[in-house]
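Next, two complexes with subunit A in common: one pairs it with subunit B, the other with subunit C.
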Partner chain A sequence: MADRRFVRTALIGLCAFLTAGCWDQVQIEERGFVIGVAIDFPRSTAAEEKADREAPDKPEGRRRFLVTHQFVVPGGLVSGAQERGIQNSANQAFLNLASEGDSLLEISSELATRSSRIPFYQHLKVVIISEAVARSNYAFADALDFFLRDPELRRSSKVMIAKGDARPVLEISPRNEKLPAMYINSVAENIRKTARMVPEVRLGEVHENLVNELSFALPRITSNENEVKVAGAAVFHGQSNRLVGFLGEEETEGLNFLTDRVKGGMLKTAVGRDLVTFNVQTASRDIRADIRHKERMRFVYTITCEGVIDESFKRLNYLNENATKTLQDNVAKEIERLARDTIRKVHKQMKTDVLGLGSHLKQKHPHLWKQIKYDWDHGRNYFASSDIDVKANVFIRNVGEVNMTETRDRLEVR
Partner chain B sequence: MNNVSYADQKIGSREMVIIIANAVIGVGILTFPRSIADETDAFDGWISVLIAGAAACLIGWLLGRLASRFPNHTFFEYVALIAGRPFAYLLTLLFGVYSTLLASFEIRAVGNIAKQYLFTTTPVEMITLAFLLIVQYAAAGSRIALLRLNLLFLPIVLLVIFMVQVYTLRFLEWENVRPFFSSDWMSLLKGAKGVGLSLSGSEIVLFYTVLMRRPQDAPKSVIAGLAIPILLYMTIYMLVIGVFSPAVAKNLTYPTIELAKGVEVPGGFIERVESLFFTIWIMTIFNTCTIWFDLALSTLRSMFTRLSKFAWILILSPIVYLIAMTPQNLIQFFAFGDRLSYFGAVIAYVIPVLLLAIAKLRGVKDSG
Partner chain C sequence: MFRKYMRPTKTMASQLKRRPQQTPALSTPLFARLEENLSAIKQTLGNPQDLIVRPFTIDNASQACAVVCIDGLVDSDLINDKVVKHIQLMLPASGKTLPPPGEEMLTFLLNEVLSTIEVKRETTFEAMYDRVLAGDTALFVDGAAQTILIDSRGWETRSIDEPVSEGLVRGPREGFTENIRDNTMLVRRRVRDCQLRFDTMTVGRRSKTDLIIAYMQDIAHPAIVQEVKRRLATIDVDEVEESGFIEQWIEDDFLSPFPQCQVTERPDKVASALFQGRVAILLDGSPMGLIVPVTLSVMLHSPEDFYERWIVGTLARMLRYIAAFLAVFSPALYVALVTYHPGLIPSDLAFSIAATREGVPFPAFVEALLMVATMELLQEAGLRLPKPIGQTVGIVGGLVIGESAVSAGLVSPVMVIVVALTAIASFAIPAYNLALTFRMIRFGVMFAAAVFGLYGVVLTFIAIFIHLANLTSLGVPYLTPFAPQLLHDWKDLVLRAPVTFMRKRPETAQPTDDTRMKTGDAP
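Up next, the complex of A and B:
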């Protein structure tokens, strides 16, 4: 009896040992965590020609991409490594690898032949796309297909458009952060302090924009050696899904007011020759549409903005109702100016509806939208022939801790 | 709650509700938003869910009526009473085939999803086999225990899905939601057809009513049981459309998984909520699959009583496995599921409802 029990236990034990296993086991040390990707077109055709000579018959894409992957080097993340005598060059917490090819998967697998760690995309934070790729026909969607299709990737990575090349953006060495991609990721979230950047656009939303017929705007990113600047907007046309142009910082601010994406920021207004700066706390917008004539639709934006006075070079008695009223009007005029500048550019020059008017019609007048959606900002371009106006209401809720900083009047010097 | 009542070999009506809910929630929950968005192209798809749900409730109620008319008879016995033994043999055999096919479908679904998202280099054959072995093990034990396992799992499943929904709420965009009521009735009905396939499963009431303590409650239990998935589907659909927009929902293979993948729990403590979602989804599939495997066993045993349950498990398992491995790709797999649903609609809905009509007309009732 005891014998049988022993044999049985041994068999079960053996099975437990032999059947336990994992096909998918990858040690964490073997994973190369990719946190940022930059997509460019290659500068030279050398690699392409070489590949052509080697295998003239192989299938080729319309475009070749130069893709830079940013890997985390965990050793570099350990703080104090420098003091313990490790060389500065080895202390870098990231590694950028660039490779060229006509498919992103090809590039990714090519990296595996050069890196000790397999690229692992689950923690990808930012995808940066160069201006040239974004401007070229089809290339923008082609560049993102891999990121959307591969189940390892998530739809929450941020997408930004670099003015110029994308690769230098990942090659900066930020002073206060160890990983450029994480630094960029954090910068892009600072919308509470400024309205001059387009709020983060995630990969999933880009997919949404690509399959919808509406035009859209993505954040613009520029870089120098040590830092990046996320400000301005890249405007994409909804039908061709191509970059048509950039909006500057102030134009982006106007765009954010017009599309109800302001979460904070500031507005300057001049009273006499002195500046008063208004800190935006909340803003909202309302669209009224007059759609009686398809050829000449009229849209009126009403922007409502609330905030406080945070800086004032003008000596005003803020406890006086009239002073606040004048200021409110001044700030409202400034909002209107910003919005009109933006409208002038996207409406008259670009003729591309990133102002959310198509979306408004789709939501509020779906029947009309069904008729005109193929002629909205292309084809017959009802958008360009429409008429857009802006009104702003400003409420100053608070004037800050002090009424006046100095009581002396300033002389008007001409 | 009365603990002593668990000692008997009967199930209460509340348990029936949960079993039905579990049987209905299956593979469809991952894909149905796509099939509705394909047709309606708007937020209005929730109406489709409601239409399909109402239809499913009506049919489920009728099935419940049929089963509760014969509280002391098995399916085979009461079909024989109504339509004669040869027909009973045929229908029960068809049900056996249907259950076997469904069990195959479910285990393959687990294989496919687990392969795509969890074990990319593990062969799908191995994942499927491992799952089948567990299902076998569950089915080999007591039926009542198997049914009560549903009670244990469903609250966890609902809790996690609820959590996913709460945390995706902040990605909801109004511009995806509006306009309301812009779809025409035809497309809503087509959408309802699409989601209707994902609401099948209430036919199990035909077999499990005999185990109920109060069989007369069966029709009510079916409706309550269906209400849970209907509500779930409606909220999931609304969120999928609100978060992704209809155009994207159309283009996602598994919209519900993408929804779970997008979840970001503030604080960064849990980053990959989808792993939690997969766990609970596999739990519901496990429940669904064991129910169908159990039904395949019991229908076959009710006809061929000579073989023991264990022998039937040994016969059925390889068949289930081989059928599960026949679809060669995702398209064939989905086509398999669709065809199976149509087959099920005939034998599990149309014929039983006709049987109920005949039973009413002829006045056939439980004699015992």
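Up next, the complex of A and C:
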């Protein structure tokens, strides 16, 4: 009796293992690692017309996307793969598959019919969206919905806006890296060396901004045949969630100072006619708000910046305190200039608050924010009617390893 | 608190009831006549070639005597010098007046002539056989229904060697031998304390193997000593070849994969266990002593943790706890991550694993099973072969099979690394029997990983610990001092505190005298 019961229990247990186990077992080499996705609008309507002819009654989206997936071809990553008998004629480590459709999930499943490996998104590094998609009404959020909703996707993928089409960005062949998406991913992390790119913005953060109706800036990416450049910013308006314009490299630098996102970089300043280059180490900013009149709010940014002198064409005697002080003032003026240029563009031209003033008010003056949040950078646009000023303090912490490269001063040609 | 842990298992209790104690079944008295005795001995033993019967006479052939011993077991020089020579040459020369033949002569010989230390009188055949077959010499005197048994054990023994299975860089190089006298000597030399007890027992109905229970009278908890003796008394087998027989008879749970006795051939380990209030069991003919009770943590400790300075000891211990985890879980983690959760592997690593698995025909589980099983085969084969060939097998197996399996595309190089790591990790476990357990469990965890992924690994992890929490060794919970939390003992656990900090003995074995250092008692 006991034996029979044991056998029965064991059988049931075994069934549980054999029927429920190995549920989503997929060997690692059978997964198509998608590391980059580029989203465009299709160039021609040929495919759409064909689909309409075939099935005129099927549900259709408002617009169609052309999505390029970048898959890793692991065999191409291994040096000497050819010798080990792994066939890969082009020896390319990646494979770009583009597909057109009105739903991103549809495109993803369509890829499974063309690729030997099932698309697997957990290692997705970058999502690149074309300027056209970003400018179009609703299309930006529509394009990201699949990436946010599908549980397999991570909220940590970086989002970037391509100037022009997105697809060519993934089609570059970088010289020192094998995978374009990984290359872009690494480039976007170099904010310790430069302040001219917007620090990485992850999918999750984009979602927060979309939901909170806050304006935000995304990194801008441009490409040519062999390389990309991640510099500049794409400014999105918080209410329409559309791209309203790009900031140039220097304007992005100013934006980073104003939004406290500078982790490094350099500032050039002229002493006389000679350049002295200041290497930024840390920077912080403080906002003081005068909110007595809603219509004419006044904000003062105080930017504090520390750094070292890394290059000096002017033979200054840095041991002299006055020389250092003058230099600090010069650098501060440069920071103020960068910041004012940026403010001029986003405040006066775009009228879009990517400076983080809205969230500052939300945190520091929540009562006021409740009253004005629907009229901040749209509607009555209190943001545009406010007044913004910038002050900068610079501290030179180190003048470099040497005081002077040569003692002779440059002969001024008069 | 302690009594709760002392829960004799059902099987133990029934065994105790069923079996009587080991008493001699019959006792046949010796005959008075020498001839009858000798012929009875020859008949019982089948008159083997190694039986020596040497009859002789004293007192001008008025008294017939004989010595009986087993050749090879006795030290024949001792018999010649101290027995036969004394009786035959020196007795007549001494000019003593001899008593009448028979019992009086025997007593006279025993008291005045024989000059060896261990001498004993016996009156039954059974007692005589026991001693003679253990290497004593029996002296018969015609007319006396008694015999004198002279301790003359002197067989060839192995010299004291370095312990093979528990080598250390720093620490004594002596290991136990097959001779129990050597072993008790080795222990006693380390414990010169009157409280050291060597309680003797004989186990094995036919083999009659000597067994010694060693403990410190005033440190070891009496309940533990009593329980050890009770369980040892239940042993009822013909023969006991090795201490492993004893271990399997007295363990708490014979279904558990985990060993419940510590096995060591190091006298220093035994000595330190005695000072912690634990009990050691030494068996004649086995160079492996048993120490009970044991906990999981003790098996992961090595004497060297104490011989080296505490920082080194602490680091080595942490390493060993990590090694224990790796030895069980690393192939399973590989299987789970590669088949179910490649998202958890850092991107670049995931791609290179995928690249190396390109063209591998098996799923990761089969691949892992193949390699781990090969590893086990190699280990087993290396054990069986003589040492020099064993090394060759290691090289052939490890290098050639590993390398060619990778280049043949049967397994991926990452798998080879994982398997090598696992093997090395299990070699880092100081207790061989625990390492065997880990090798066994590894397969189960791997299977769970193959079926359920990380979920399965976590499940088996929990299952293993539920079992461990339930397991006891001689009534002491196996996870002490973790699970019955004895914070004082944590000084000598993952961390090995400086020796000056350890004023008290570990509480794990509940010592009755817990003070190690007399001065400056800790609060």
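We take it that the second predicted complex is superposed on the first by the 382 of 414 C-alpha atoms of A that agree within 3 Å, B and C clash if a C-alpha of one lies under 4 Å from a C-alpha of the other, contacts with A are read in each partner's own complex, and residues count from 1 in each chain.
As a working rule, contacts are C-beta pairs under 8 Å (C-beta built on N, C-alpha and C of every residue); 3 or more make two chains touch, one makes a residue touch a chain.
All of these numbers come straight from a predicted model, not from anything done at the bench.
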| item | value |
| --- | --- |
| Contacts of A:Phe395 with subunit B and subunit C, given as first, second, both or neither | neither |
| First (subunit B), second (subunit C), both or neither touched by A:Lys125 | second |
| Most subunit A residues touched (candidates subunit B, subunit C) | C |
| A:Phe313 touches, of subunit B and subunit C: first, second, both or neither? | neither |
| First (subunit B), second (subunit C), both or neither touched by A:Asp24 | both |
| Which of subunit B and subunit C A:Lys364 touches, first, second, both or neither | first |
| Partner chain(s) touched by A:Val78 [first = subunit B, second = subunit C, both, neither] | second |
| First, second, both or neither for A:Phe41, with subunit B first and subunit C second | neither |
| Contact residues of subunit A, present in both the subunit B and the subunit C interface | 22, 24, 122, 152, 154 |
| Residues on subunit A engaged by subunit B in the complex (per definition of touch) | 22-24, 122, 151-152, 154-156, 204, 207-208, 211-212, 356, 359, 362-364, 366-367 |
| Subunit A partner contacts - residues on subunit B that touch it in the complex | 116-123, 126, 174-176, 178-179, 182, 244-245, 247-248, 250-251, 258, 261-262, 264, 272 |
| Touching residues (chain side subunit A, partner subunit C) in the complex | 17, 21-22, 24-29, 31, 33, 35, 72, 74-75, 77-78, 81, 84-86, 120, 122-123, 125, 152, 154, 179, 182 |
| Subunit C residues within the subunit A interface of the complex | 338-340, 342-343, 347-348, 350-360, 363-364, 407, 409, 450-453 |
